[in-house]
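Down below is the structure, laid out as structure tokens.
By letter and in written order, the chains are A, B, C and D; residue numbering begins at 1 in each of them.
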Amino acid sequence: MTAVNAYITNAPGGGIKYEKVEIKDSPGNVSLKPLMTGICGTDRGMVNGALSFAYNPEGYDFLVIGHESLCVVTDSKSEKFKKGDMVVPIVRRPGDCPNCRIGRPDNCSDGNKHEAGITGLHGFMRDSFNEFDYNLVRVQDSDLGEVAVLTEPMKNVVKAFEVFDRVRSRFIYENVYSTFDGKNALIIGTGSEAFLYSFLARDYGFNTFMVNRHPIDQIPTELCNTFGVNFRDTSKEPEFPGDMKLDLIVDTSGDPATIFRFLRKMNHNGILILFGTNGKAPQAGLSGEDIDFIVERNITIAGSVDAAEVHYLKALDYLSKWNRLHRGMLNRMITNKFAPGELGLFSKKPQGEIKSVIKWD
Amino acid sequence: MTAVNAYITNAPGGGIKYEKVEIKDSPGNVSLKPLMTGICGTDRGMVNGALSFAYNPEGYDFLVIGHESLCVVTDSKSEKFKKGDMVVPIVRRPGDCPNCRIGRPDNCSDGNKHEAGITGLHGFMRDSFNEFDYNLVRVQDSDLGEVAVLTEPMKNVVKAFEVFDRVRSRFIYENVYSTFDGKNALIIGTGSEAFLYSFLARDYGFNTFMVNRHPIDQIPTELCNTFGVNFRDTSKEPEFPGDMKLDLIVDTSGDPATIFRFLRKMNHNGILILFGTNGKAPQAGLSGEDIDFIVERNITIAGSVDAAEVHYLKALDYLSKWNRLHRGMLNRMITNKFAPGELGLFSKKPQGEIKSVIKWD
Amino acid sequence: MTAVNAYITNAPGGGIKYEKVEIKDSPGNVSLKPLMTGICGTDRGMVNGALSFAYNPEGYDFLVIGHESLCVVTDSKSEKFKKGDMVVPIVRRPGDCPNCRIGRPDNCSDGNKHEAGITGLHGFMRDSFNEFDYNLVRVQDSDLGEVAVLTEPMKNVVKAFEVFDRVRSRFIYENVYSTFDGKNALIIGTGSEAFLYSFLARDYGFNTFMVNRHPIDQIPTELCNTFGVNFRDTSKEPEFPGDMKLDLIVDTSGDPATIFRFLRKMNHNGILILFGTNGKAPQAGLSGEDIDFIVERNITIAGSVDAAEVHYLKALDYLSKWNRLHRGMLNRMITNKFAPGELGLFSKKPQGEIKSVIKWD
Amino acid sequence: MTAVNAYITNAPGGGIKYEKVEIKDSPGNVSLKPLMTGICGTDRGMVNGALSFAYNPEGYDFLVIGHESLCVVTDSKSEKFKKGDMVVPIVRRPGDCPNCRIGRPDNCSDGNKHEAGITGLHGFMRDSFNEFDYNLVRVQDSDLGEVAVLTEPMKNVVKAFEVFDRVRSRFIYENVYSTFDGKNALIIGTGSEAFLYSFLARDYGFNTFMVNRHPIDQIPTELCNTFGVNFRDTSKEPEFPGDMKLDLIVDTSGDPATIFRFLRKMNHNGILILFGTNGKAPQAGLSGEDIDFIVERNITIAGSVDAAEVHYLKALDYLSKWNRLHRGMLNRMITNKFAPGELGLFSKKPQGEIKSVIKWD
């Protein structure tokens, strides 16, 4: 048993404390210290008791939270890592289904995987922990710095676009030049994931739009301008995007009414990626005409959750690329930094937040 | 101009008449006479004026309806067909989008295709017409007989399973033996398409269930028993299928409330194929929790419409197979036969109908 | 230990005996008796000591041969099978590589699989044995009769066409109508596998040709005529197929000179499946011009070995289809039947052989 | 007609001149001036009369050569480009086959495409020409500078890896963590294409090896060190790579003997990409044992030629990435620069050449 300072909740009931707790020593061969851990809607959902699927590890009456993490290696018995290496720990751990067996627990067929900081496994918001080397991804680009804490949210985006690539094999999705030129993508939401989705949509070559029901601040505006993303405040421009037909929609809101509104703007062969979750969002309706619309246009709707090691690696690649192309811009996505012990940010989103983090050292 | 006896409507307004009309001679190199033409929900929808996207061919104030057809060649200038050949004409004709350019107008990217008997092209319910050989599929298995009139509905099923095969490439869908053993499929509806979907689900190896909100007659019951399909009347067994998790759902009802009810029973990596359309079906709701369910389970929902020549060919193959395996059973799906001129069946579904047809000779 | 009458060799040295041997009782939950076991080039290769990769099971100085088998269940502790069921046992058993883990030992990544009757596992040429139910595939179509002994060779054909389907996803392989009409397939060889390959090529819609360096007998000729396959004796018609361009070649000869000769006839985007093996075939050469030809035409060459459970299931499906379409024809492929104890057929191919079998009862 | 200074040959006979020629005005809506044009084996092959498939444009007794080009826009009637834009013109122009119809003339099914500077279309080695905007790809990253002349060779690499990705869908190619960690790639050759292939193999995560039959100079050595590629001189270390099994081989030599030597080192499920061509390379042999090796290991061999617009776009992306990661290193690949009029480099490879170019301004 080791005593560590940790952010803990009592899953699925909720609550948040920062205190010293005793945790069984992990057999992992690499010792880690967190540098920065991000906070996302899942963390807030657990703290608010809104995530019914979360549960404490066996033998504990609490759960250390935290799954978006950038760590430094403090000691290593593995040849793959040495003291001082920057790493990102992988969140999901495999069960024994066919997808888990081939390193794709993100596509777990039976739900018998575990997620650090969420389902049955202590998370990364503690001042030290051990991990096996095969659960760690190295940050090789030292220029990334704190931006590497965005690896975990970005890996979801990379996996969702893999899903997009697979489902679009059902037809020719590209134009007659075999490119995405002239195709329109809409990202619903303006949080950190929404920005990362919009950046990758631009990378593919989509005309890319972000929407929310309120105006955005200076930092989000600069991010949009820098990456060539068009933002629209739908509370002021409700008719947007007018006659424009959408070839790709990615939702990060989890709100049925918003999703369905834009679904009705889809083009033939359009693809809607559902990523955001909001268990408290009210019901919204689809009619027979809407089903007809989906059928007649060969529209595909795909839920996408989590990601595998390969997506962490590609996530780091994209972050490096964008960090070099637009020096300093990704750092601006980390809008709010807090010291360990701060509790308020778990119950209330700070003003102007894109990504809030705990800075450990 | 040639005068023919034809079933006509005035699209999209509706109505139905059987009368002699003048139609410009088609330049097609094969002359055809219908043997049997099937009637489906699309035909009834047009007659009732419920299909807003239907329209008359240019230069006509009427549209010959009919797209499910079995014909005999009466004369041929093509080397590919000779007098007496049985053929099924293809419904959809390509525009110039990338999918149409490669013979996949069923995946048309811009809507600029045409559909015989539905959108801008006269259909097959007339006592003679010409077609180009490349729009005809030969019926080679003479044992099929009248069953070949099911080729057109069956081709939709083959294409929808192609969509299923493509979208499931996003993960390992099969069990650890790489088969479908132990996977559950649910087909919503009990019309002709629903039966064909359930037969193909059985072929894949699914435990297959059909559901409707009323009991089924003797013929559907025998079809289920013969093909190993389980039918449940959900008005009597509302809790069905209980704890069973569904890996595949195919909807032929177009009814949002029914679709969403079963969507909530899906397994991880479940796939829902939307095929049925019912523009008048009332709205039903999905909540934030439902979106969450779709996201967390990597669920895919895919609309699928129409099919291409390759699917007509495979449709004939499946019909031949099932016709030989279960002699006489597919014939029983043709429950109601009418002589040309009969109008009532277009407004009212005959009692016990699985498939109603016009028998022309 | 149980004493059984068995055909044994001493792998990889070779030799063949039929004698009573003691074998450890297998823990398999289904007891089997062979009805018919096929003999193929692999069996003869082992007997002749030409298969260096073959080896005896651990703890034995002999190997029971036989991997093409049709058996009857004599006793069953499994719910999946009952006494009297006809089954085909699966040849390859998984190791722990990613492909083996998902039920695809046919694609084993590290060679640590086993093959009954070939590599480290006793085969099926013995008068009784036990198997686990998950290694058995049921023969459901009772009309098949003895033809079911062709399931094992046919499963290789099904897997090879799966490979064909996957590798051709690199481009649009079909014509502008999205079918195979007008495409040419060439099958090299006239053994049982060659016939099964040519039948499946016909099923896809290829113009299909078989070639060998000698004329064929009456039975092969009738098989060709029945299935619409064109045979050419290349010793008499060396220029064949002249200017015809080949879109698909399947080799069952393993002879480099023959393979390369036809490779030079390939069309753009042509695919060559290598299936046949003949370790003693002499070297033949490819020049820089030949490599250029392969590059400039985007040609793909794919080795394909063995198959998984899913392919056994589809193999039975194809055999049933062809058996019904052409009653009695597949039975004619079983050209030579021998009683247990016969040894000559292992060293010398009987005259007119397509498939030789041991008939056990 | 416009008079331009151009490098011309008389295809397929050969020869090289730099002189003023009269060329019909192209209707293209963008006017261009070359900045830099690369020279490759194809150019030298045409000059030496070794490319039998090359031919002059209709109505000309000469062919302007040059297909690797970086140009500046001098005038534009297109909205997509403006004066001063840097662009790379696309080499291959579509015919009417299914692949050409969807913007993939690199996969042309019938050979009826054209290639600028090679087959029936004047190339880019002239002091001005017009192009349609849809045949131009913009260079957006101004940091690239002269490195953008590598776009054309790099686009071949991107397409070849697309082929790799498609053909490997026939099995699970990755390790049990779903990554390429531990997989070995071998690139045959040390020219510019070989380096670009090795850089992309590193990007995928392969342990990457380059081989040639002679030592390499300082610049290639630095490139290898910078990108983490291992070079081996096989004249000195003939046993290399010993027991190492190769999961991917890319050949840029076109030499059968070299290709076959390494083919025999392949791992199960190995993939060999054939890219290099050398029509004069002598024959080398494969035996029956070699065919057996390919079959038993499910090995795939894929020719890959040219690329489509999408690959030019991704090529620019990779060049930008590597140019930023390893500042100045890609520029070092342009080893030899010549003024227009220089003829010697077409018949003799300059000492230490990785990429030779004509610098036009």
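Throughout what follows, a residue touches a chain if its C-beta (ideal position, glycine included) is under 8 Å from a C-beta of that chain, and two chains touch if they have at least 3 such contacts.
It should be emphasised that the depicted structure is a prediction, and the values quoted were computed from it without experimental measurement.
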Chains contacting each of chain A and chain D, listed by label: B, C
Interchain centroid distance [CA atoms averaged], chain A/chain C, Å: 48
Separation of chain C from chain D, taking each centre as the mean of its C-alpha atoms, in whole Å: 40
Cα-centroid distance, chain B relative to chain C, in whole angstrom: 38
Touching two or more other chains - residues of chain B: 98, 101-104, 169, 172, 174-176
Contact graph of the chains (line, ring, star, complete, other): complete
Residue ranges of chain B touching chain D (in the complex, touch as defined): 98, 101-103, 169
Chain D-facing residues of chain C, complex: 53, 97-99, 101-102, 104, 106-111, 162-163, 166-167, 169-172, 174-176, 251, 254-256, 259, 267-269, 274-292, 294-305
Chain C to chain B touching residues, read off their complex: 101-104, 134, 141, 172, 174-179, 203, 205, 308-310, 313, 317, 320-321, 324-325
